[in-house]
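The two complexes that follow have chain A in common; it is paired with chain B in the first and with chain C in the second.
== the complex of A and B ==
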């Protein structure tokens, strides 16, 4: 994912390629041609990998989605039939709606909590660095590992969550979290907010550190309250960081898999099955590779559109001169 | 790249007014409470992994602390968990090494050499960020199967390397762009070729960029789940997360939660250690412009 860095990068990293001392070294065409050949040789391994593992599979996916490709045996060209079936498939549609619901639930809390944490650690007081490190730890450990740990704590009667909530009288101590749709979704959402808000914090913190202190000092002179300073200075200056952290968390939610696969297996039934899991099940459990790939193409398009917005935000923008000199 | 750490150091400097003592106390208390919320679940997992299975599967009680044992760990090691840890380590090491080499070469090429199509190829590599590999599992599986790269740790590492390239190439290109152009020109005057210049003149200057790239690639590979699940089918080649999944669903009868918890802790430790030790490089990557979400 691409993250904005508007603040920190601006002045210190040269955006413009350093001027080449013309006429000193790049003289004859032959030297230039040799340099070009060297350049091509240097980037070719990267290009080869991208061609093999990204470009070809993308094109191949379109082709597969137009067939009835099974795992083994011959396949037939079926045109757009997979796609027409897809939009009438209640299981697929449910997985799309479920993914959207899940995304809608977690996105706001991740942003708000991440923002609050960024405000907290940007203070540069004693302990800030330790707090920042700790808040980011869940993201580092990874969803899969933590899902396995959470699985035990969500068990009825033996999990820590039932024990705590039972003590507080908030839930029965034999609540089976992973086998009820609402409970499973709720638990996973809380878990993911805990997991992902550290990333938002890091992205926003980088931007906050690029906001010139003079702006706050000037606001202090004018007697602005804390909230006025946040609303009028920080948030407007962090527009790009906020947009990018949102895009990253939305894409992350669209591609959710680990936590549902490990904690609920998509159950009860297929009620907690997000799109990626639908693709996985359809392809590698039911062996309908063509059909699964048609669903995957839909996902590629949606994620591609959201990512394109990200590129738009990351572009070396024309307003760079305006922002230049923002940091001392 | 130095901008990131410089920014972090400079951060708030102009407005870090000396906190008053009462304010600082409130800050430290609030921060500690919040930290507990983030660390306690992980620390609790470590504690539970030290309990015998009979206690893990019953409601937690304060008497548990008297029964701490390494039985789950010795049992897991006897059951061959180290084999899966080694698989994970091999894949992560191959991914980190391959990403470092390929991204460094490409970053060097994009930053320092002019050739036709340079912009297009760079755009293609970076655009890989827009492609969710989770949606390409079917064509990738069929293609890799044909290339005999499924059920292969090397195949998995190549797949991971590719999806780490946008980040790595972006970081390495920026790293090379920051080195004064004159430095390599000088080496060229002295008769050094592109390779010699890279190895003897530029290397010390790009090491921080490489460290960032390696750290991201390693952690990505170590924690990745769905790709490994799809491309590895032979039990013998499973990485740690798949071995844990096997404990959850593969076993007949009751899940051994003690083992599962201990296995998760084993998977967690390298991440925490690497992150805490190399945090500086990790944050450098986060503020460099591209992040794996």
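== the complex of A and C ==
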């Protein structure tokens, strides 16, 4: 019998499909759909919590920012007027610039000091645990408590800071730190670097202890110096840790409140008033809740943009080792 | 679900709702029917009264509530303490939610924020029936009044007085029973005490605490019959430029500063340590709160070392800042009659006379009798000043006086520390005017 290969196919004859990669075989991708459903089911509780406690309040805050919401009494929809006033408000703009300045001043020293402390305590030598504890202790005690302690120590004539600096001949024993812009900013920046570098140390130290020792041994064989090993091995391997510590540090600086509220109350005048304190004053002193919320939304957007930019710029290309492997 | 099940569930829901209604505060039919001024308002009320008080009055509130509950079987008061910085927002939130307390002890300076919105019950008729109505603190009543109607009644007073150290007065050759009654005497007494040396200063003030300065400096201005703002709420104007009483007050503090009659660290004293140098016996004269020193000093020190006097004006007279709290009943309170019964019980003489021992001053000037003065000589001074007391009525007090960014502190700093009086008055006039215009718009 001659079989006409080009003739019409008998649709009643079942066809054998070619083998497909495992996992996509069953009924036109239904496994993938099932996996998707399972994934959605697993994340839905978390998403519901985020929706209820983050997204809905955020959306409501956006609505409030479009009104003249007072502490009590009726409110009116004002559209974008709060935002328009915001960009023409010299006090708000000053608080933004001051926050940027403060962030710029403290971020670098926190990273450098934290890195130095991490290098100092990363090895398990006798006493390293004690130093780790001592360096991390300021972060544990908390910013508010330490701000109150510093407030007392910064008092002219009675505080320890003036007493020590006076003995060393570096300052007058009656220096009024908290009521002069430059002195107050300097004192707070030094204080915050001391406070926050312990956290950076912990983040970086964890990364350093995860760097394979063989890399350093190979570098030693090649005759690398200490600095060369730090620059060529440690720092590249800590890219993610450095990114994390920088993001935490920058966001923390943008949200700074306690230290300024306790030490200077934003003064003298509004010279040391960061954004969050401006929001606080507008909301809970002036009772302009709609206007304050507009400032808060602006802050959320700015922090989001800066964080996204940092994530992008400091991203760790996870594919890089594989690509390097293929090149080999 | 069949019909029978549905009916059972419905019945259960109705029973639950009824039970919940019975157990909620203010369930008394009499309480619902009574209104301020009516015969049964505040009489034999039943149920529970939810009372919110600020933590600053914790000792007083707890004692009063405890005694009230011990002596009233059908009406109970449940106390909730609210944080100092959060009390207004908590109250506003509860009012917005339609579930406010039955009575609130609100910082009197915050009363206008609520009274102008109809948030509180109008108590004018009920207050008029009180036998001691005309003796109630005028400053507290002023802050509770809006458009001629009274929405609150005084709860307790936190008054500013002039503290002085009798022993230092004696050592400096001054008469310890003759406290200063003019600015000139304050200055000369401070100069005399300052000469004692050994770390002793003639005067002290919390130089970085704008609220403390508003509390202690303004009464001297009021004693001269002058004020920093005038007019009714919504149509107020600043009266800073050309205000001679203000200039005299700022000049007194400028002299204290330039003549070094105050410790250097006064410049950075933003409140938490205010008064400690006085209690340590290092200061001759200190304007401050009655309760402030009463709480810091020991009974022995109060009996032998320290004394107080009214805060004088430049050339005499005296006044005080009528601080403290007002009672108010939210308009949506569930048990207003019970709340008023509790309030009137607190205002009775027996309860009021306990105030000095609890760090507070009563709010009825008729309590100032010889026996009261003998029992509480230091508080008697504050109570005497109460009748001459005042507190600025308006919507801008916190913005103007209680933040370092406000025009009050800016004006004080420029005048006292920088020595530029004319610029200070300009800053004050423009700053107050701007805030008043914002509040009116």
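A few notes on this one:
Simple rule for what comes next: the second predicted complex is superposed on the first by the 252 of 328 C-alpha atoms of A that agree within 3 Å, B and C clash if a C-alpha of one lies under 4 Å from a C-alpha of the other, contacts with A are read in each partner's own complex, and residues count from 1 in each chain.
Keep in mind that, in the parts below, a contact is a pair of C-beta atoms (placed from the backbone, for glycine too) under 8 Å apart; a residue touches a chain by one contact, two chains touch by 3 or more.
Just so it is clear, the model here is predicted, and its values are computed rather than measured.
Contacts of A:78 after superposition: neither chain B nor chain C is touched.
After overlaying the two complexes on the shared chain, residue contacts for A:152 are found with chain B and with chain C alike. Partner contacting the larger number of chain A residues, of chain B and chain C: B.
Looking at the shared chain after the overlay, A:284 reaches both chain B and chain C. By the document's definition of touching, of the two partners only chain B reaches A:54; chain C does not. Once chain A of one complex is fitted onto chain A of the other, the partner contacts of A:103 are absent, as it touches neither chain B nor chain C. In the overlay built on the shared chain, the residue A:177 is in contact with chain C alone; chain B does not reach it. Shared contact residues of chain A with chain B and chain C: 148, 151-152, 155, 157-158, 265, 284.
The part of chain A that touches chain B in the complex is made up of residues 1-5, 7-14, 17-21, 24-25, 32, 35-43, 45-47, 49-50, 52-58, 60-61, 64, 69, 117, 120, 122-128, 130-131, 133-138, 140-146, 148-153, 155, 157-158, 160, 162-163, 173, 194, 198-199, 202-203, 206, 208-210, 212-214, 216-217, 248-249, 251-252, 254-255, 257-258, 261-262, 265, 276, 279-280, 283-284, 289, 292-293, 296-297, 299-300, 303-304, 307-308, 310-311, 314, 327-328.
Residues 1-4, 6-8, 10-16, 19, 24, 27-28, 30-31, 34-35, 37-39, 41-42, 44-45, 48, 56-60, 101-103, 105-106, 108-118, 121-122, 124-125, 127-132, 134-143, 158-159, 161-163, 165, 169, 174, 177-178, 180-182, 185, 188-189, 194, 219, 222-226, 229-230, 241, 244-245, 248-249, 257, 260-261, 263-264, 267-268, 271-272, 275-276, 279, 282-283, 286-293 of chain B are the ones that touch chain A when the two sit in their complex. Within the complex, the chain A residues that touch chain C are 71-73, 91, 148, 151-152, 154-159, 174, 176-179, 264-270, 273, 281, 284-287. On the side of chain C, the complex with chain A involves touching residues 85, 88-89, 92, 95-96, 113-114, 116-117, 119, 208, 263-265, 267-270, 272-273, 398-399, 402-405, 409-410, 413.
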